[in-house]
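Pasting a structure below so you can have a look.
Naming follows writing order (A, B and C), and every chain is counted from residue 1.
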């Protein structure tokens, strides 16, 4: 389909995006790496110099860092498990013969379109607030003291909020995959004598395998960078109990204004993301055939 | 998958499904409800569902007093701006990758996907510094650039999958009919690509509006969109719940409505075409 | 107008030589059919002539002028695609008028041509519809209409009937033949269906793996196939090809005899009837003859033989002889 004229025109047209993304990838990353090996604080910019791996060792020696890593992994893992498991169940339910599937889908999908600060704010104030929140009212209704969710269980609360936001995404993807399944395949299985449970186990779940893989992959990319919800509610606290790696780096960069340290943190975050990606690719890469 | 089932079964499934759906939607519903209450009703204990005197005053207050209109406008400008910029760069790229694929095209696409995998904090420092040094910090232009770069892989991929669905033979027919490349694009490709471009535009506006990292870290006062505003507004003291609910409802309403119509686009765009 | 010459045309995709080398002369006004099995390169050859693909080497001349480097728009050819490739967002009228618009033709003149094409193809009542509202046959006609208005030097058809159902196919086949009669323009037609080739062509080009096996009129190919491939390709059901001692009897490595050239009754070949198909107008039977293999026989009317019958067959037409390389012997 291609001839000389179209091919050279094509190359010209891809270039801007490739060049842009390339620069966007290489230059900032290189700069981050550069600064990570330097001492540079915005409040005292005259004092700069090479400090080798000092910034990195600061992180590795800081207990906050390991808490942040743990929290990051908890967040990603927790949300993944909740959204995928519930997503499959809800998708299966919605796919059954029911009335009003259209409007129902709209209800289920809504949380995904609520911007993270608003989602966090709604949960923080309208629900989890110890005096005025709805959950507090429920506790009082049961005669117990309201739970201070965001203070006592900060990480769990954050995981809950983020799961609420991302459950619709998982459900929608899985529902789409479910509905793309050929009904003839299921009918053939039924003629072969397979029960509903058997059809679920041997036909439906394997078919969903690919969609689940995609959901896990895409969600992981986004979940590793969750920021807005934490910024809005706990600011990483109390103490460091809900600080994730991105938030920790943010604090170093924009609050402590320690460029060197934040840069080192950034590089560590990139390495972490790559490790997670490798594990993901290896573990479930087989399901993917683009 | 729905076949004739007993009505009993159908009722049971419907009840269960709607129970789940309503539960998931409840927080949004509660927020909208609260936005029409008086402040007293908003924090009443036990909670008031349907307020006796419901009011639009909260909306009026939020809109007229605080800088809310400015933040709203920033959100609009940044979302649409980054979308248009992104489309301008992505459309030619996706065109050539879809219609004149080379040996490296597949690799190129996967590489673009991988750039999305890089955590934003990895480039926070350079972005922050470059924005400070070039005066882009706390400007709408700066945010438009940042968000465009963030979403460019998604835009390219999404357009690519839509373009791939345009039968190559129709473009060849145009060529045989004597159309130059320019005419081919104007009279044949673009009309056929418009639905795909519109879908991509919709999804990108949604993603840009809801973005909550660069919009918070690279702004302070001038260019802060709604995401930054709500994020800083949400401090524990001095809160007025009804007004907060009104502010939240206005912040999410446009995207919520857009989102209801863009389920298919969401699936295609965010799974990079892997699920259709 | 409409004379096309291919000189040593070669096409490779990377390492693969799809067309190793083709020389061909197409005369003005001829109806030429490129026929061959899937993957033989017939569509590729058509697209090279159209200009939708670049040749790797060789030259293509249109009316004596070298068109090898010309883009499709400048070659003065019109193509009807297998999927019709109609513009879905344009009405039938705009579809047909598109090439004229691209040529910058005066709108009044264009209107005349469009109306003329529409009446020839019975599309006048459909001019304001969109392709999505038309049936397969109607879309086919719009595609042809779009080609006709340009009054090209030659028409190129890429398997235009394969997306139609059987009954429609026969009708459209005849319409295209009639179109050729009235327009008298060169037509190059690609198909894998040898019945279409035989019924429509002035000249058939049989292709196999990018090579021309034989060029000739339909009856020439039928009576005098130059090699085993053409012998087995032309004619339905296929020619019976027999090797072994029976072939040696006739001084060849392989002999061929067409199913319609065998009579049932008395003859040298005796065997048991296997599958038999009775269409009323013809009978097709498979006979297992020891030493020869399964012989296909076609007979007029009702042959009255059935599965398991023991019958005798006799060759009653030309026995084609082929040597060890598959080439026909005189």
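One rule holds for everything that comes next: a contact is a pair of C-beta atoms (placed from the backbone, for glycine too) under 8 Å apart; a residue touches a chain by one contact, two chains touch by 3 or more.
Because the structure is a prediction, the values reported are computed rather than measured.
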Using mean Cα positions, find the chain sitting nearest the overall protein centre. B
If you average the CA coordinates per chain, which chain's centre is most distant from that of subunit B? C
When centres are defined as mean Cα positions, the distance from subunit A to subunit C in whole Å is 58
Roughly how far is subunit B from subunit C, centre to centre by C-alpha average, rounded to an integer in Å? 53
Centroid of subunit A to centroid of subunit B, CA atoms only: how many Å? 16
Subunit C: which residues touch two or more other chains? 51-52, 71
Contacts with two or more other chains occur in subunit A at residues 1, 5
Residues of subunit B that contact two or more other chains, please. 172
Along subunit B, where are the residues that touch subunit C in the complex? 167, 169-170, 172-180, 183, 187-188, 191-192
Partner subunit B, residues of subunit C touching it in the complex: 50-52, 71-73, 77-79, 81-83, 85-89, 98-99, 101-103, 146, 150
Per the contact definition, I'd like the list of subunit B residues that touch subunit A in the complex. 1-3, 5, 9-10, 13-14, 16-18, 20-22, 24-25, 27-28, 30-31, 34, 42-43, 45-47, 89-90, 92-93, 95-97, 99-100, 102, 106, 108, 110, 112, 115-130, 149, 152-153, 156, 168, 172, 181, 206, 209-210, 212-213, 216-217, 226-228, 230-231, 233-234, 239, 241, 244-245, 248, 251-252, 255-256, 258-260, 263, 266-267, 270-272, 274-276
Of subunit A, residues touching subunit B in the complex: 1-2, 5-7, 9-11, 13-14, 16-18, 20-21, 24-25, 27-29, 31-32, 35, 90, 93-100, 104-127, 131-132, 134, 137, 140-141, 164, 167-169, 172-173, 176-181, 183, 186, 210-211, 214-215, 218, 221, 224-225, 227-229, 231-233, 245-246, 249-250, 253-254, 259, 262-263, 265-267, 269-270, 272-273, 277, 288, 290
